[in-house]
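There are two complexes below, and they share chain A, which is joined by chain B in the first and by chain C in the second.
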Partner chain A sequence: MIAKKVLLVGNFGVGKTSLIRRFVLNEFSEDYISTIGVRVSTKVVSCNDEKIKLLIWDVAGTKDDEKVPKAYFLGASAAMYVFDLSREETYLNLQNQLQVIKDLSGLQKMVLVGNKKDLLTAQEIDEVKNKIPLQIDLITSAKEDENVEDAFTQLAKQTLK
Partner chain B sequence: MISSKINHFFIEVATDYSGNVKEIVAGKFVKKEFVINTSIFTVCPFLEGTLEALPIKEPFLIEGMLIISSDKEYNVDIELFKDNDFVSVLIHNRTNVYKFVDQLNQSRNDLFFLKREIDEKNKELKRLREIADKANESKSRFLAMMSHEVRNPLNVILNYTDLIKKENLSEKVINYVKYLTISGKNLKVIVDDILDLSRVEAGKLELANEPISLQNIIEQLRNNYNASHTNKEIELFFNTSKDIPEFVFGDDVRIYQVLTNLINNSIKFTPKGFVKTEISVIKKEKNKVEILFKISDSGRGMTKVQASKIFEEYQQNKLSDSRIHKGAGLGLSIVKRLVTAMQGNVSVESKVNEGTTFLVEIPFLIDTQNTFRKKEKIEKLEGNFIKGKKILVADDNFLNLKIVEHILKKEEANYLFTRDGVEALLAMKKENFDLVLLDINMPNLSGEELIKQKKTFDNNNSRTPFVAMTANNTKEDIESYFSIGFDAVIPKPFTPKQFIDKLNNILSKSVKS
Partner chain C sequence: MKKTTVDNVNDNRFEQLKELLLFDDRKDFDALKSEILEQEKLKQKVSPFIDEKVEDLKDNFPKYFGENITEAIKVQIKESQDDVVEALYPIMGKLVKKFIVSEITKLSDSINETINNKFSIKHIIQRLFKGKTTDAEDVLQEVFEAVIEEVFVIEKDSGLLVGNFSRGTIADKDMISGMLTAIKSFVEDAFSKEGQDLEDIKFETFQLSIQNFKSIYIATATSGIIKQDFKDILYDKINNLAEIILRDRSFLKDEAKLNTLIIENLIINFDK
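Moving on to the complex of A and B:
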């Protein structure tokens, strides 16, 4: 079985740890325990009739101009950029931030995920979409388990490209 | 030889390219997790996928990784070095350092979210406050408008009752008219109170800041009460202490209102005995003085609970009292608001069946220049300047015209009445007047439009003083009338005396010039 290293990055508190917990353990907690450094979880997924062992790096969230250490990306096959739909500052500068991560990691593509869908109305979500000049891959809720599986499936697919 | 203590803070392991442990080189940190010929990925999952990608013969550092051993989590920094056939993995235990980072980080993020929550709550609060303010404002505006609409006809009624009184009447009718006057005046007090209260609430109340004599206010009170107070069971006293400054800056009308409200309240609740009004100095500095106005009575007093609520809106002491109370119980809340607006303070002391004392403390600036006296000399006029003057009056309100007519007739003026602006314009084309009185809201041609044509009059009327009669009497309104050319404004409703004084004032000036 092949193993693939993937990273979840984005602003602090957007729900990276929560998405991973939901995906790996099917759990959710309202508490916010900020991640320090890196925590690696694994889960085996099937993708195009192939089994992949995903090595999921839950990276500490960044703030403002903070950068994810370049060393973390060594050997990574894909990355998911998570933002919080309910917090404008986590998506205002998306284009720039994605570019920085592409430069650091050498990855060509990333899965773009807007989390905490449960906190917004459909109309508000449309408004957020209009503010973002990029294609959002998935709109998720770790809390209500919406599109979490799909987000990771997409991430797994990307590791094969 | 490495000291045994440091040994526990690191471990150095050598593995092959696929992560199998080949040798424990040095150190003892979580040593039992590293077994020769087993995969290092079990305890170091972060090395899977990473080792393969390591560049050859380049030291590589990865900070902030996590190792779990015996259910304990350790934060570690990793130094890697890939040689031709093995990888050196040096693991530093940094748990102690990261513990602090963790705390700092957590606090930072918690603070952030807390701040966000507060911001949002504040936004919500602000929104709610705006809604409440708006509601309150429209309420005040509505009340002010209502009172306005009520005050005008009410004044007409009162003025007519005054006129009727002067006719030859039967005993019966005299009594009827008396009751009519009392009720009318009571109603006027209520309406005036509501208007005042809503003005204060809407922040529309403007206090004058002119040189005033507190002594004069007391004299005026004494005179007025002497004339109107007929209840022999209650004696009224008025006292001013000698050290009161002659002139201070303030609003005498409002101070008068505060004092009469308090005195009336005391009279109302004193079946027998006295009501005493005293003014004294609390503290005096070079140009500042704090004055105490004390109104005490020997009335029936109040309980503590009643006293604590006395300044609230719509409170009237609910003890049974066979006498009809004047007003809607708004008087004291107006007192409170007026005094507060004057930066002062009002309090009450009371004992049931012994009496009540109201204490009003107000700070004033002292008028050291005595500008008041100079001003008064100019304004106090002797003589009748109205007599024989040609006065043009334009007003579409029949009742107003009647009242003005009554006054002008008594003052022996030579007057002409018109019913709108167009008629007034025609009259002015024909002859010259000494004074023109214009209602503002008239059909066909309003007073405002009319005065704009004043400059174009080719006869002497272009120099005649024009006076606006209007119920729009906020400060802004009055200023705007002056700015479009009116020489004076008579606010409606007016008393005959106010009307006469104003006319005398204007006519005396035009005589001089």
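Moving on to the complex of A and C:
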């Protein structure tokens, strides 16, 4: 079994931790996120007939004014950027934020996920999609366990590319 | 002596007088008598029921009054904390004392054993050739011998675990190595000047030592008293281990092979 480091990034309160909770059971206390700005969880996923142990680094906040050690982004094989579909400020400056993470991690591609689907109607989700100039890979709801597994499977696939 | 007519008359009068004077008292006496007799009857009738109730109360006392008593005790404790502490103090004191006495006895046995060994011919000869260490240091060193509990060989940037040795049962070693890397990065970023690395973390009876190399770092958790001699030997052994790993990179891709190498080069040497 191979092990890969993956990143989970996005603004505060977009539901990154909720997505991880849905996906993994084994996790460190949430206090680590507020103390050192990161928490590591593990999960084994099957992808292309191969078992991959994902080391998921849940990184708190990626704004310029928030000081997150650059080392957190090093050595990652894939990254998932999560934004909140119901809060515009979490996806308004998406391109810039993705570029910051790409620069820090050296990754070329990222899985883009819009979370909290349960708070919007289908029409409202379409409106959000139209506002975002990038292709959203998955629309998820950690609360209702919708597309969470798919999002992480896509992330695992990215690690093999 | 035979009674006269006059006497009889006197007697009758006396009886009449008694009747008049004691009438009310006799009436009260009769009333009391019947009341007492009634109570006796009532007692006989009620007694079995009372016995039954008392038995029921004995059996179900906690059920009927447990909640109220608990509440009352809580209130009492809250309102008179000082009194409660005063009452519990001797009991707690005895327990603590018992625990300390037991631990000191263990320690004393262990020290006695070590001292006995120290005065053996073999150790007396060894003492003639020893360095600057005192007897106290030697005894403490032997009682609380330093033991390597865990070894983690971790990829520097990603925090991925490439090999390890563990005496305990750590549930998820990959997660531990990830978090250790995160904490290391955080500390280095927050407190260190450029080029400086986190080297030691101490917690209770453990000391975590970190040695950094180009693409990996090796973390060892050691318990017991760690003397400088032990530390120096450990650093040397870790340097040798890292040298072998970095010269032959196949160790980084084969966890089982690396784990054997750790045991052979680090653990066996110290356990001997």
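Following the convention adopted for this analysis, the second predicted complex is superposed on the first by the 143 of 161 C-alpha atoms of A that agree within 3 Å, B and C clash if a C-alpha of one lies under 4 Å from a C-alpha of the other, contacts with A are read in each partner's own complex, and residues count from 1 in each chain.
One rule holds in what follows: a residue touches a chain if its C-beta (ideal position, glycine included) is under 8 Å from a C-beta of that chain, and two chains touch if they have at least 3 such contacts.
Keep in mind the model is a prediction, meaning the values are calculated, not measured.
Chemist: On chain A, do chain B and chain C fit together or clash when superposed?
Modeler: Once chain A is superposed (C-alpha atoms), there is a clash between chain B and chain C.
Chemist: Just to be sure I read the superposition right, which of the two partners does A:A156 touch: chain B = first, chain C = second, or both, or neither?
Modeler: Once the two structures are laid over each other on A, A:A156 reaches no partner at all.
Chemist: Contacts for A:A60 in the overlay, against chain B (first) and chain C (second): which applies, first, second, both or neither?
Modeler: Only chain B; A:A60 stays clear of chain C.
Chemist: Scan A:K5 for contacts with chain B and chain C and give back first, second, both or neither.
Modeler: It touches chain B and chain C both.
Chemist: Going by the contact rule set out at the top, does A:G37 touch chain B (first), chain C (second), both, or neither?
Modeler: Both: A:G37 reaches chain B and chain C.
Chemist: If you stack the two complexes on chain A, which partner ends up touching A:K70: first (chain B), second (chain C), both, or neither?
Modeler: Touch status of A:K70: second partner only.
Chemist: Touch test for A:I20: chain B only (first), chain C only (second), both, or neither?
Modeler: Neither partner.
Chemist: Now for A:C47: first (chain B), second (chain C), both, or neither, which partner does it touch?
Modeler: neither
Chemist: Identify the partner contact of A:V111: answer first if only chain B is touched, second if only chain C is, both if each is, neither if none is.
Modeler: It touches nothing on chain B or chain C.
Chemist: Is A:A78 in contact with chain B, with chain C, with both, or with neither (first, second, both, neither)?
Modeler: In the superposition, A:A78 touches no partner, neither chain B nor chain C.
Chemist: Same chain A residues contacting chain B and chain C, which ones?
Modeler: 3-5, 32, 36-40, 42, 55, 57, 69, 71-72, 74-77
Chemist: Under the touch definition given earlier, write down the residues of chain C that touch chain A in their complex.
Modeler: Within the complex, chain C touches chain A at residues 155-161, 171-172, 174-175, 178-179, 181-183, 185-186, 188-190.
Chemist: Residue numbers of chain A touching chain B in their complex, please.
Modeler: Per the touch definition, chain A meets chain B at residues 3-5, 12-13, 32-34, 36-40, 42, 55, 57, 60-61, 63, 69, 71-72, 74-77, 87.
Chemist: Which positions of chain B touch chain A when the two form their complex?
Modeler: 45-46, 48-54, 60-66, 75, 98, 101-102, 105-106, 108-110, 112-113, 116
Chemist: Spell out the part of chain A that touches chain C in their complex, as residue ranges.
Modeler: Per the touch definition, chain A meets chain C at residues 3-5, 26-28, 32, 36-42, 53, 55, 57, 69-72, 74-77.
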